[in-house]
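Take a look at the structures below.
Shared between the two complexes below is chain A, which has chain B as its partner in the first and chain C in the second.
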Partner chain A sequence: MTTFNVHVTIENKPGISDPEGDTILNDLVLKGTHKTVSKIKTAKMLKFTIKEKDKKIAQSKVQEICAELRIYNPMVSIVTIDVFDA
Partner chain B sequence: MSLESQELSELKLKIGRDPTSTELQIVAAEWSEHCSYKSSKKHLKMLPMKGPLVIHEKGYDSGVLDVGNDYVVTAHIESHNHPSAVEPYGGAATGVGGVIRDILSAGTRPIAIFNGLRFGNIEKDQQARWLFKNAVTGIADYGNCLGIPTIGGEVEFDDCYQNYALVDVAAVGFGKKENLIKNHAKIGDLVVLLGGSTGRDGMGGSQFASDSLESEDRSAVQIPDPFIEKLIIEAILEARNHNLINAIKDLGGGGLSCAVSETADALGVGIEMDVNMVHTRESNMHSDEIMISESQERMLIVTNKTKSKKLREICKKFRITCSVIGHIKSGNQMHVKKGKKTLANLPTNVVANATLLDLPSKKPAYLKTIEKEKKFKPISDYSKTMMALLAAPNIASKIWVYGQYDHEVGIRTVVKPGHDASVLRLDNGKFLSVKIDGNPKQCYINPREGAIGCFEEACRNVVCTGAKPIGMLDHLQFGNPKDPEIFWTFLESLKGLTDFANDTKIPCVGGKVSLYNETPTGPIKPTPLIGVLGLIDKNPLIPQKITEGDCLVIVGDTKDEMGGSEYFEYIHNFIGGKCPVVNFTESKKNMKTVLKVIQNQLLKSVHDCSKGGLAVAVSELCMTNQIGCNIFLDKVPGEKLDVVRILFSESHSRYLLVMEKKNLKKVEDMLRKDKVSFKLIGQFNGEKIQFTKGTKSIISLRVDKAHKTWFNSLKDLVLHG
Partner chain C sequence: MKVGVVVFPGSNCDRDMYHVLTDVFNLDAQYYWHEKTLPKNIDAVILPGGFSYGDRLRAGIIAAHSPIIKDIQKLAEKGIPILGVCNGFQILVEAGLLPGVLLKNESLNFMCEWTNLIVENNKTPFTNQFKLHEKIPIPIANGEGRYYVDDDTLKQLKKKNQIVFRYNKVVNGSSHRIAGVCNQEGNVVGMMPHPERAVESEINPVDNKPSSLIFESLLIKMGVNN
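This part shows the complex of A and B:
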């Protein structure tokens, strides 16, 4: 068994509005001098530390946990799961 | 999401050609059940909508009531069932947003929010808990961010809502009569879209709401943004003060398609608009998507060229986007263009008025045997049963829910949630009392009497605060109307409500119909939800603390009506029996007399008997006042009944009156004079809730223990499963 760090990023599906990201962009970043920024999207990240046989199993296990426990709502959000060696 | 084949041929016949793709989308949205009310509209006309206080104007989405001194109150009710069932947080929150914009579009400031929530069995079902928790948080977050108090409502759980949610939201507005927006439009006026940008969220939501919910594979979710909503509220009210709004409409189900066609149809004008002028969230949106997107926090305003300059300034000040998307023209066409190209050109009366259906109805077979009662083993320990009922999710305190809502912001809330009805202070020195009630268990057993019961219960609740009912909102929620048995239950409920409204002269000032509420296990039970608004001229009855020696008088008869009771359904898991029936004469008499006694300021508090019957109602008084009470069951007026029925029957028109001993005689004299059925049934003292029959103690509970169970059980259930 190897220990892996698994990062789960949860964000709104493309096309669904993101008021928080828009507010940070319009009312903070663009208010300053950073005119080159065109978009900001907010997301939530969960960092799992998990012991599994290999990277692939670690990823599918975390995916399974997220779906089973409704850690995100597939109607609204998409998740990206990245696995790193601990 | 498309038209049925006969609807398509009808459309072709009406416009004399094949529709374009945009036209198809527009008509499909507008002719959906959600927007057109095609199954229900014919029948809804039976409800009495007129009354001395009701103000009618064309194009209003909310009901308007004159409350005197040149002030008006507006009210509306909406549901967001389908969206909430798949995304409870966003669905419930955007439901609040929608109903608030309906209040705003009459030109009044929203001052209170109410919610009626229904979910599956939260004791067993984790999904139901997830839906419940998130729907409540959604409402709380949205309302709290807006600075509008959420001051009342009700929550109920029933197996028939498995994997589903009914999220009903009502809102009340208040304003000067002279500020009401009188919708009108002149040729050449500008059509302005104001608020959030149009995106792909909530695509086809109205048609989605008109289909049965089968899979999760839908994209009709909307993301709430209460801060934009708040800015819209302030911007619109400022524009109203400067008289900049000729006509206004909220964008709800069906998006621009419905808002444009309905505005044009209501005002009897044509509208030409350009989809290129709509401010969108993404650059690559298709014209059809722009027309049917249900993105939240948007309003359609008709104004003229001169006024539009000032309107822009106001929007700039509040940092909300507004775009001129078209103008008013003569005729009655809704002309949608993309630059110079015509995408749709339809007569608005065709778009906005779907052919109304006359669906067949048939009395459901299950009703034949439903009134037959099962025999149950006699209860050996009533105290234990009572404790179980106090912990039942439908009866337990809803503090976990309303504790999350800011119910005091705006400093109008005089009677706060947790009592019969909440009371708001109005600027003209009067008070407004509002309550919403539903009871699917009783409506399932008897759709007519059940619906009347909900109506009467809401009336009772406002009467308990000293208010005279002045208007009613109805929200009729049923399964698939194409099933004749379901449609029969809809008609029966509606007829019942109509009869009671006519008899009590309480006009229906607004309403909504939500059909196709189906779960994977079948249709929901008939769930009409009734909101009642009551007006108090001078003194609301603010419940005072009950102390040693206070007397308890019951008004109204207790009858053998156990059908749909919490006792049958929760304790015995039995659906059936005779549903409580409202006796119209008795109901009116009791209401009038109780109001009179309250107005004479003889009472400390009044509570109605509803869910859980007399036993629960008395216990609630004891628990919230931390005082015991001795109740003599022999004294309870009504038919001669066994102990179970006296304790738990949910007969209507009953009120518990609490008064100091010195006022007892005066109260009794007044009740006797009006010939209402009443009895002194107990006295408050000690630390025990004690029900006795003859010399035999039936229930004996320590108040503190009962309170702990009742107060905490729902919270524990939600948080710890």
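This part shows the complex of A and C:
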């Protein structure tokens, strides 16, 4: 068994408003000199540490946990799962 | 008539709800800790407001996995009246007993203010004493109170008469200004505003009678003469 770090990023689906991201963009970044930025989205990240046989199993296990326990709400959120060697 | 008030770690409106049920409406109410079971012969269940598990991960999601939720699901299927207020509403949504989801308010602020609701469905066990479109002055107190449903679900809610309360004006960015919904059968109702903070004239600066009708509706539904 190998230890992996699994990062779960939860963000709003396109079309679901993200007022925090909009405020960071409009009232912080664009008020400075960084005019090339067009979009900022906020997200929540959960970092799992997990022991599994390989990366693929680690990813599918975390995906299963997220779905089973409704770690993210599929009505409004999308999730990205990235696996790294610990 | 026996009413259960479910208590989760972080519930903080449970005593207000219990007080209103027992001292104002003379009901036989009892607290039920979220790890306990509910009696099969209970007549109604109320999930009060608060901050279960400190709103960690998402308001209501951790409490939605509490052992008592299985009992609440069974009672809901039997048609027992169930009311979720504020965090109780968030828990019912996260447990899949009610449609939709509650997001952070559009302003990102915790909102604590008086609002006006419009009754859109007066057939539920908690609204049967209202006239349709009757106005209810009532306070909200939440950070994640923006009700959201996608367009298809909204159409279904309208078609099945599941929208119970709407704000009379834009408050927090909720879809269709929705403040409360019910399941298709109508016995499970969730609402973001706090009726337990509005039924006594001492703490209601506008009119305490409309909020009282929420509890009086339950009494009528159960055939109780107080």
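One rule holds in what follows: the second predicted complex is superposed on the first by the 86 of 86 C-alpha atoms of A that agree within 3 Å, B and C clash if a C-alpha of one lies under 4 Å from a C-alpha of the other, contacts with A are read in each partner's own complex, and residues count from 1 in each chain.
Operating definition for what follows: a residue touches a chain if its C-beta (ideal position, glycine included) is under 8 Å from a C-beta of that chain, and two chains touch if they have at least 3 such contacts.
Predicted model, so just to flag it, every value in this text is computed and none were measured.
In the overlay built on the shared chain, the residue A:71 is in contact with chain C alone; chain B does not reach it.
Of the two partner chains placed by the overlay, neither chain B nor chain C lies in contact with A:52.
Looking at the shared chain after the overlay, A:17 reaches both chain B and chain C. Comparing which residues of chain A touch chain B with which touch chain C, the overlap comprises 16-17, 19, 23, 70, 73, 75-76.
In the complex of the two chains, the chain C residues touching chain A come out as 57-58, 61, 64-65, 94, 100-101, 103-104, 106-108, 148-150, 173. Taken together, the chain A residues at the contact with chain C in this complex read 16-17, 19-20, 23, 69-71, 73, 75-76.
Residues of chain B that touch chain A in their complex: 86-87, 89-90, 130, 196-197, 199-201, 216, 218-219, 221, 223-225, 227-228, 281-282, 295.
Residue ranges on chain A touching chain B, taken from their complex, read 12-13, 15-19, 23, 70, 73-76.
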